[in-house]
Structure formats: C-alpha cells, structure tokens
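Consider the two complexes below, in which chain A is the common component and chain B and chain C are the respective partners.
Right, the complex of A and B next:
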C-alpha cells in the first residue's frame, strides 16, 4: 500500500515535471521565432525516417562510435526488458498467465538484462575517465553538467546493483521464506514445514537459523509439498547466474542478514532508487530519452529553407544535447579554437551558452561577445550536425542563434563594422581597458611606403572577382581602398564592403604593376576591423547591461 | 623571415616585363640555367601589338610604310638608337623567335612579310605595327579593297565605343555600321577581364552571334574590342566567324588589356615548360660583383634569398616600373646605380608642346650601352662583363614616338642573351 501511494506521488511528479518541461520548451521556443506561422508549420514537418532510425536503432550513434553505441544499446535493451517484464510484472502477468518472475527463463533473462545495463553503465563511467578521452574531448565542460550526467549513470547502476542484492538476499532469507509459506501454503510445524525448509535449504540455498542436520527429514514429503505449493512460481534459483553466486557468497552471514531483514532494506532501496529515477527524469540528463526522439523527428533544415527558419530556436534541440562532445571532435574550425582559445567555437560548449542565452537573453556581455565571435567563426560545414548522435539539427541552431543575437542587439562583426560610425571607430574611451589592445594596431596600412606607389590604374579592381560579381553594387574597388589609405582615411577604408567581401584570391596583388600588397592590406584591415568591431560591440553590450 | 635560401644560375633576368620574358625565354632556349625575377603585372598594360619601327626620323610627318627603310636611314645617320648596330635580318629573326615561342603556347601571331601593318585602334586611327595577334590580323587589311565594316561595342564595357571609332574612320571607309551588343546579365559596367572570361561561355557566344547575325549580309567584316576570351582567343573567334559567316577582328584597347594578359599567360607557361625559375613578385636588391659572379638578394613578402649568377639582364623598365627614379634634379637607375644618360637640367626634360614631333628629351633618357647592350661607364667601358640592359630602360629610345617599343625590347633582349651565351661558351672552350 505504501508503495502504491509512493508510486502515485512519483507518477504525479513525473507527469507534472514533463508538462512543465514541455510547456517551458514550447514557450521559450516560441519566444524567439519570427512569426507564429513558421512554428505551426514546422511542428508538423516530420521526419519519420529519422525518428525510426535514430530512436530505435540509434543509427547516428552507431556511426559516431561503436563502443558508445554498444553501451547505449546494452542499457536501453536491458532497461526496456526490465521495465516491461520486471517492473511492471503486475501488468505483464495479467496479459500472459504463464508468466512468473521466478521460473525459467525469466530469472535468467532478468539477470541477463541486469548484466547488460550494468555493463553499459560501467562502460559509460570508464569512458568518463580522463585517460580514455581523446584530446579534443578534454576541453573543459561545465561542472554542473558533468555532475548531472555522472549522477544519472550512478543512479541507474545503483538500481541494478540493488536489484541483484535484493534477489540474492531474498534467496537466502528465512523470514522471507516464512512469509511466503504462510501466505501460499498455510503449512505449520506439524504439517511438514520443516521438511519443506530442509528441502529448500538443500535445493534453493535457503539459510536457516536452526541446524536441521540432526533432525529426520522426510524428503519425499518435502518434494511433494514443494510441487504442490512452490514449483508453480519457483524454479531452482541457479539460473539467476549473478544473484545466486552472490547469495552463496553471503551464506555465512545469512543469520545476521535475516535478523536485520536486510532483504527488506534492499527492497526499499531498489524501489526508492527506481522511483527517484522516474521522478527526476524530466529534470535530469535522462530527459534526452524524450528529447532525442522529438529532435530527431523534426525535419532537417536545408540551405533553401535556411532563411525561413532563422530565429526559430527550439529548446527541444537544445535539451536533446547530451554533451557527448562528438561534434567538437569533428569541428571544422577546431584550429580556430586552438589559436584563439575561445571555447564558444566548439559546438558542445557553444550549445550550452546558446541554451543559457535562450533563457536569459544577453545576460553577460563578455560571454555573449565570445559566443558571437565563436558562432561567426563557424563555417556551417554541417559536420557537427551529421555526427550528432542526438540528431539535433545543429545548423539550424547556429543560424537561429545568429539571428537571435542580431535581434537582441549583438550583430556579427560585418554588420557591426558597416553600422559603426566614424565617431565610434575613433572613440577610444568606449573600449574597456582590459579587453585586448584598444586601438588599431600598426601594420601595412599604416606604412606609407606600402601603398604610396599606387597609380590608380584600376588593374586590381578590374581583376577582382568580388567586384565582377557585385557589378551592380555601388561600393569601392581595391584601388579606391588604396586611395582612401593614401588620403589617411584608414577607418573609412575598413568600413568599406570591399574589405569585408574580399575572397583573398590574390589576383589583384599578383597583377599589380606597382607590386603593392593589395590583398595583404585588405586582409589586414579586415583582421584589425574584426578586433575593433569586437571591442565596440563589447562596450555597447556592457553599456546596455548597465542601463537595465 | 630570416630563412636564407640560395639559388645558383647562369643568368638572372631582372624584371618580368616584355623584355625580361623574352630574355628569359631566349636564355633557357639556348640551354642556360635561367632565373627570372620580378613582377609581370606590367604586361597587362601592353596592347599585344609588336612594333618594329613606325616612325623615323623623329620629326617625320606621317608613318613609315617600310621599317627596313627607316632602319637603313637610322644606321646611315650613325644613330645611337639601340637598333644602331643591328641588321634588318637579325631583327626579323628576333621577331620570328618570339612568334615561335608564343605559338608553342597556342598564342598565334601574324608576322608581316616586310611592310608595317596598319592596325585599327579604338580611336578609329591606324597605328603602324609589325607583328600582330592573329585575332587582329584581319583588321590590318582594311585598307586594300573597299570593305563594309561593322563595329561592335559591348554594353557595360568601358574604354571602347563603336561610334567613336567610326567617327575616326569616316574619312577612310565609306560604310561603317555601329552595333552595341548586350551580354545577358550585364546591366551596368563590366571589367574587360571578366568580360573576356564570359566570352568563353558558349551561351554568351551564342547570344553575341544572335545579335550580330542580322548584319551579316550588310557588311563584309566586323571589328570588336579585344575581349574574345582569355585562353583560346583564336579558336573562339573562328567559332564566332563560322556562326556569323563574317570575318572578325579584334581592336586593341585601354588597360587592362586582354591581349596583354594572353601574352603574360603564354610567356609564363612557356617559361615554366622551358625550366626557367620564375621568382614572381620578388624584388632584387643589393647586387655584388665578386670573382666573376654576381650575388643578389631577392626579397619577397615573406623572406629573403640569395641568388648567384654569372650574368644579369636588367629589364627593370622605366619610371612606372621603378627601374628609373626621377629625383628632384637627377634621374637614377635604382638597382646598380648605373649612369643614366639624361638632359643636363630638369627644365630640359620636357618641351612646351605636348604633342611635339621631336618628342621630349626625358623620353630619350636611360642607360647608355654598347652595341651588345652592355651598360657603359663614363669612359665608355662596360661596367661589368656579364651585365646587360634591355627594353625600355635603354637610352636614345623614344619608343612611344618612334613606335618601336616591343621591337627594341625583344631585339635588345635576344641580342644581349646571345652575346652572353657566346661569352660563356667561349670561356668554356
């Protein structure tokens, strides 16, 4: 009875938790979408194939890592078996009259499933040890997140271990035996309870307080009693290939265990852990069990529909992330991280920051500036989304984060540069003192000798593929940028589209009859512009924050 | 940055303009280990026409029909012009060499059998030249019989107007029709290089032909700006000729010049095939002459290297290419600080009449050499035994006025390299 009350409470808690999470996700997802129609339309845009492949067979995980897939599959298969056949045995035996937890082959299968889950969890834990991590994975993760993951695994492992211990302690438990005998047979001292006890001691590893060896036992009577009352539900326990050895090992302490009813302790331990897992499912790492199928079922974004989907930041994708780190292992711009040390370049860290931003907006100027710069470094090559075992549409996520940051007032450097006035370029007091150099550093564009020989022959502009592509756009050509430099208008030059559109194909520099390093200068202006734009952005974000 | 590589070679050609390219080709053709250093960007400024001698003497009215006649006149006057010691036959041989070299890379040239070729310019005038790209060849035949001409310009291409050229031609030809062709997708301006690349697209060719076809019965020949493809210009032209049933020729235009780009590409490919080491965009500095050898430092954007050579050919151009530097009172040669033949004072550099037939004194300034193109010291002796100067840097050579730029370049380059080669082989024997 107590158990059912507890179960009801937990189920209520679980239901409420799920409703809360779903509502939260839906509300926050909607918050960032561009218009309601897009969301409504997208929600029905299903990817059924993706759902089956990735949920039932975890095909993406298989592609990502065989061992990881094995561990997952062991856990999932075992857990599903245990959940349906074992945890819900009341329901199961209602459907199948021949089902009894104590007979073959279910005892064996239960142990096997338990072993599978246990092994899977051990694999998970081993993989978390530093020595088994690849170099790229050793990037710092957030502490809370690691803890949540490990806690979930430990909880499952504890559930399995307590299950085995429960089974083992019950095999040898005399009080449990007495309870069963009383409930199902009504035998007493006179009608052969002792015979049955002895029979069980001999065949079922039961441990008794009193020593029966001196007494005369009628084994034939015992066998018939056993057949009559016990055999329907209890085979010999030997096929429980883990619990039985455990029980045999615990035999010397049998009496002591019986005295304290340790089997009942394990019973409650097992159930409480199970209920805990259930109750915290919506808020623990385990939520990915639900989020991944949902995320995998969402239709993937295609380049054609990218524009339409901008700003659609759905939290389901974000919560489906298990922070496994595969994405960062394949990340195309990982070298950028190595050079700049900006963790927001790496997908598995970036997604955490995006998650925070989805909840709190531009909460911290510095982190947001780093996220912006990291997300701008991303080439959208799609490798992360390809490998993501959770099937998250990461490209959509990065695009949406981009859009979101822009709409919240943190534009990319390109927009920042074009939207920066001359006053802003030169207002040094705007820059926080401790954020790198506070002005454009000296380079080619500051050395008169580097560009003074330009004769404005326009060969560079004529050979420029960007100019050729952009024929109808009225912006400067390379020779005009050089002329701005000659006029001392470096900031104006930095703000020109040419600097930011340059492909660095070097045809201008190759062809320049005066040997001016045109491309090098454009590239340098852009690099310095990036820095300055970053500083201006940071100062703007900081000011925004202080206004609030 | 301090990584010092070193290269050893027979001949270092300094300057990758037209003269430098020819010199490098000639040298490696003769079997010399050749290094070429410099910036080939200046080739984009050349028209693609190769003149021999279009005007002589300096103050002559009109142009020369027979360059050999001009050369004879020049030599009879004991002129100090670079052609001074070279025979007509030698000059023709040099032209043939260049034609052969470029032909190897599929850039076909038409060498005149003896007379100067009148080539139609974008202004509607005729310029005397001697060797022209095959794509321009038919334009030099306009004078013969009376021909009806279609002048085509392209919408968005700046620097060539059919109506402007037709205006200049009004006196020469009776019937000139102007046509503006539109290239699909081009609404405003289009740079020549991009347009030339577009012309390699069969779709663009077809659209061009569609617009020209209605005129094919009304004219005999059609002229268009030189944008007919970068790589296989003659092939594209022949294809269009076949489709329109019209004779077609290209008209050279303002920089960036597509014929110049073709020339640059052909030379670069040929030199690579010949095994010339081309140090593109490398500046040569600090020459040292020691023990019969030159040691140079080559400076690139990223590092330095040391080049030792038995001989050096100086084809570093004039003011634009920074081979000569005009100081306040004096013109200097920038690499070896050689003596520069020049007017005594700055006030004599230019005359008062911009288009004077005598030309301006400054254009005759340059490096004084002997007849084997070795720069001379004050006393008339060669500065170094293995040093040659070629191309526009040479003194007594107002090539703009005399219409002899390419001729002087290729003749001086070939002659200088031949002389160096003879010196090397003699020394070996």
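Right, the complex of A and C next:
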C-alpha cells in the first residue's frame, strides 16, 4: 500500500516534471518560433526511419564511438527488459498467462539483463577515469555536467546492485519464506510446513534458525507439497546466476540477516532508488532518453530548405544534447579556436549559449558578441550534425542562431560596418585595441613600402568586378583605397565598402604594374575593420543591455 | 596512387553529389582517396583573422605530411588557400614560430627541420592532378563515351589562378589546363570574356544583390556566345551557379551549370547513378 502511494506520488512528480520541461521549452521556443504554419507542418513532417535507427539501434552513436555504443546498448537493452518484464510484472503477467517472474527462463533473463546494465554502467564509469581518456578528447566539458552524468550512472548502478542483493537476501530469508507459505499454501506445523522447509533448505538454499537435521523429514511429502503450492511460479533459484552465488556467500550470516529483515531493507532500497530515478528523469542527464527520440524524429534540413527554415529555433532538440563533445572533436574550424581562444566557436559550447540566449535574450553582451563571432566562423560543413549521436540537426541550429542574433540586434560584422555612420566609425575611442590575440606583425597596410609606389593609374579599379557591377553602391575604387593609405587614413579605409565587398579575385593585384599587393592589402584592412566592428557592436550591445 | 582527399566544407553538406562524382572518377582512374581528419582550409577566415587562415592551411598540410600523402582538393578556393598558407608561412617568420608551436602541441610538424626525411606534401587541385599526374593523353585514352560537342564556357575559379606567384596553377588570364581537360571529353569549349572573372560566391552571403548582378551578367554574355553549359571545377562556383535563384537565371538564358568531375565521369562511361549516388 505504502508502495502504491509512493509510486503515485513519484509518477505525479514525473508527469509534472515532463509537462514542466515541455512547457518550459515550448514557452521559450515561442519567443522565437512565430510561424504557426511551420508548427503544423512539423507535426506531420516526421523522420520515422531516423527515429527507429537512432532510438532503437543508436546507429549514430555506433558510428561515432563503438565502446560508448556498446555501453549504451547494454544499458538500454537490459533496462527496457527489466522495466517491462520485471518492474511492471503485474501488468506483464496479466497479459501473458505463461509469464511468471520466478520460473525458467525468466530468472535467468532477469539476471542477464541486470548484468548487462551493470556492465554498461561500469564501462561508462571506466571511460570517465582520466587513465582511460583517449588523447583525441581535446575538448573540455563543463564540470557540473560531468557530475550530473556520473550521478545518474551511479544511481542506475545502485539500482542494479540493490536488485541483486534483494534477490540474494530473499533466497535465504526464512521470514520471507514464512510469508510466502502463509500467503500461497496455508500450511501449518501439522500439515507439513516443516517438511517443506527442510525441502527448501536442501534444494532452494533457504537458511533456517532451528536445526532440522535431527528431525525426521518426509521428503516425498515435501516434494509433492512443493509441486502443489510452489512450483507453478517458483523454480530452483540456481538459474539466477548472480544472485544465487551471492546468496550462497551470505549463507553463514543468514540468521542475522533474517533477524533484522535485511531483505526488506534491500527491498525498500531498491524501490526508493527506482522511484528516485523516475522522479528526477525530467531534470537529470537522463532526460536525453526522451529528448533524443524526439530530436531524431525531426526531418533533417537539406541545403535547399536551409533558407526557408532558418527562422525556426528547435529548442526541443537542443535538450537532447548530452554534452558528449563529438561535434567539437570533428569541428572544421577548430583551428580558429586554437588561435583565438574563443570557446563559442566549438559546437558543444555554442549549444549551451544558444539555449541560454533563447531564454534570456541578450543577457550578456560580451558572451553574445563572442557567440556571434564564433557562429560566423562556422562554415556549415555539417560534420557536427553528421556525427551528433543525439541526432540534433545542428546546421539548422547554427543557421537559426544567426537569425536569432540578428533579430535581437547583434548582426554580423559586415552588417555592422554598413550600418555604422562615418562619424561613428572614425571616432578616436573606437580605434582598434586588439582584443584577444594581437596580430603578430605589422601588416602590409602599415608598411609604407607596400603601397607608396602606387601611381594612381586605376588599372586595378578598371579590372575590378565590384566596381563594374556595383556602381551605385560601391564607394571607392581600389586605387582610392591605396590613396587613403598614402594619406595615412588607414582607419578610414577599413570602413570602406570596397574593402568589405572585395571578391578577393586578385585581378587588381595580378595586373598592378607597380607590383602592389592590392588584394592582400584590402583583405588585411578588412581583418582590422572586423575588430572595430566588433568593438562598436559590443558597445552598442552593452548600452542596449543597460537601457533595459 | 594514394592521395589525401581534401573535400573542403561545401561538399560535406551542400554539394554531396559533387563529392560523389569526384570519388567515382578517382575510383575509375585507380586512385585511392584517403580521408584524413582535415579541418577548414582557412579561406573563410582570410578576411577575418589572418593568423587563423594561415594556421588552418598549414595544419592540414602538416597532417597530410604526417601520413606522407599529397593533398588533392576539388575546390579552387581550398587549393588557393593552401598555397597561400605556404607562402605566408614561409614569408613571415614570427608567424611561422607561432604556428610551429601550436602544431607541436598536437604532435604535428610542417617545417623541414623535423622529420627531415619526409618531403612536405604537395598541393594539387583536381584539374592539375588530372593534367600533370594522370596525364592528358592517358586520360584521353580512357574516354569511352565522348559527349556531344555542345558549346561550353568555363568558369575558371579565381583563387587557383591568382596571384600566380603564389598559386602557380596556370596562366592567370589565359588558362589552358581546364580547356584541354574539357575538350577531351567531347564538349566544345568556346572563348568567353568572363571566363576568369569571379563567380560572385564570396559576397553571396553578405551582398546578395552584387552576386546576382554578376551572375546575370555572366549568364547573358555566355548566352550571347551561344553556350549551353557552364563548366565549373570549384565547389564554391558550382554552388553559386546551382542555387535556386541562380538556376532560374541560367535556365532563362538556356544554360546549365555542370561540374567537371561530373562531365568527366560521364565521358569515362561511369553510370549516372554511380555519379549521383556514389
């Protein structure tokens, strides 16, 4: 009875937690997903194949890491078996009359499943030890997250261990035997309870307080009683290949264990751990059990549908992120992180920041600016999305994160430059102070020798496709940019549209009769303009934040 | 022959069929493509962070060198950027010191002082590899199903051509390699005034209007020359020509953009499904 009250409380808690998580996500998503049509479309536009492959067989994880897959597969397979056949045995035996938890082969299978889950958990834990970390794991993860993961694993392991201990202690427990006899047979001292006890001591590893060896036992009667009352749902326990050896080992302490009803202690321990796992499912690392199937069911974005879908930030898929870091290990622009040290380049960190941003908007100007810079570095190669074991459609995410940042007032540097007035661009206090890593050498634009030979012949400008095709919007020709440099107005030049629209086709440089590296200089001016643009953006974001 | 295959960032998501065609052609020519854990070539960072762009390029080369393989890329931007990386790495000493330090952290070396027995990997583009390493005559012999001699114009791709002192690919304003390679497939390459001009891809994201203007101009001039196909050998050019809007413009002018690996694959008699689906 107590158990059912507890179970209903926990189930209520679980349901409320799930509703909270889902609603929480939906609420945050609405912050961004305004398009109702796409919602409707999303419900029918499902990727059923992806769901089956990635949820049942975890095929993406298999591709990413074999050992991790093995651990996951053992745990999931065993756990699902135990959940259906063992935890819900009342329901299962109602459906299938031939099913009884105590007979062959179910005792064996239960131990096997428990062993699988246990082994999987041990693999998980071993992998976390520093000694077994591979060198390939160059990606740092957050401490809190690792703790949450380890806590979940330990909880599952505790559930399995307590289960085995429970079974073992019940095998040898006399009080438990008495309870069962009373419930199922109604035998008493006169009608052969002692015979049955002796039979069980002999064949079923039962431990009794009193010594029966001096008494006369009618084993034939015992066998028939066993046949009549017990055998329907209770085989010899030897099939339980883990619990039985445990029970045999505990036999010498059998009386002591029975006196304190340790089997009941294990019973409650086992149930409480199970209920805890269930109750905290929506809030622990294990939420990915629910989120991954949902994320895998979504249709993957294709190059053709990229533009159409970029307004959709799929926050639900984001909760499927387990912070495994595979994405950052294969990230195409990892060298950008190595040089600049901007963590917001790495996918597994970007996901966290996007999540926070979707919730709080531009909560921290500096972080959002770094995210913008990091996300702009992304080349959309899709390797992160290909490897993601949770099946998150990451390309869609990066694209919509860009869109979200722009709509919140954090544009990319190009838009920033074109939206900045000339006066603001040339303000003295915004002159680039190199943030982060400084550029090592003074570049071409700082060496007079690099451009002083320009004779303003305009061959560069005449060969420039930007000048030819963009007459209305372009401001300076390349030769005029060179002239600005000669006038010492380098900073002004960095804001020129020519610098930002340059196609880098190198026609000007190849044709320059004076051998000036025109394109290289334009590109260099752009890299320096990026810094100014970044600073203007940051100061605007900070002001915007303080206005609120 | 074994080569380190550098697909670049466009093939992996946007242009999978381009990559399949490259792989099918290479398989037909008996070339083994080895996939190494390469990173971005550095081209996208060129206008953003100079150090990043050079470091990215050198890191790829150091990785290929570790495996003792030459790099082959079907993308002209990647090709040009790898060449640029080498150029600036050798020109700027302080940059070289920093890059060497970063590489050493991962057990990689590029400069010749380490592992001096091993030559640095050479950088090849798909076209230069076919022209110089396979040989144009060998290739011509293998063509079993010549295409009809439709008039074709070529989109050369700027980053491999210029600056010539860095890339050393072909004549920067009158290139020959691509023309010869297309001619042997049976297509009829005609002269086109916009052959070596940019496709517009670098500003497609930031300044889409300009990119479309360039594309319109290209489509109209090519149409005027009587071309049916625009042949590309760069992932960025091909992507620029086969976008949704670009496709409309080209078909309005009676044009179709085809990638060279696809053209060659067909001329080599590789079945279409194999070219498309791998």
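Basically, the second predicted complex is superposed on the first by the 472 of 548 C-alpha atoms of A that agree within 3 Å, B and C clash if a C-alpha of one lies under 4 Å from a C-alpha of the other, contacts with A are read in each partner's own complex, and residues count from 1 in each chain.
Criterion: contacts are C-beta pairs under 8 Å (C-beta built on N, C-alpha and C of every residue); 3 or more make two chains touch, one makes a residue touch a chain.
Note that the coordinates shown come from a computational prediction; the quantities given were computed from them, not determined experimentally.
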Chain B versus chain C as contact partner of A:383, first or second or both or neither: second
Contacts of A:523 with chain B and chain C, given as first, second, both or neither: second
Which of chain B and chain C A:459 touches, first, second, both or neither: first
Contacts of A:510 with chain B and chain C, given as first, second, both or neither: both
Which of chain B and chain C A:467 touches, first, second, both or neither: first
Comparison of chain B and chain C by chain A residues contacted: C
Interface residues of chain A shared between complexes with chain B and chain C: 465, 509-510, 517
In the complex with chain A, residue positions of chain B that touch it: 39, 41-42, 44-45, 156, 186-194, 255-256, 280-281, 283, 301, 320-322
Interface residues, chain C side, partner chain A - complex: 9-10, 12-15, 37, 39-40, 42, 44-52, 55-56, 59, 92, 94-95, 98, 102, 106, 158-159, 161-164, 172-173, 196-198, 200, 202-203, 206-207, 209-210, 213-214, 217, 244
Partner chain C, residues of chain A touching it in the complex: 138, 303-304, 330-336, 338-340, 376-377, 379-383, 385-386, 395, 412-415, 437, 439-441, 443, 465-466, 469-470, 473, 500-507, 509-510, 517, 519, 523-524, 526-527, 530
Contact set on chain A toward chain B in their complex: 453, 455, 457-459, 461-465, 467-468, 471-472, 509-515, 517, 520
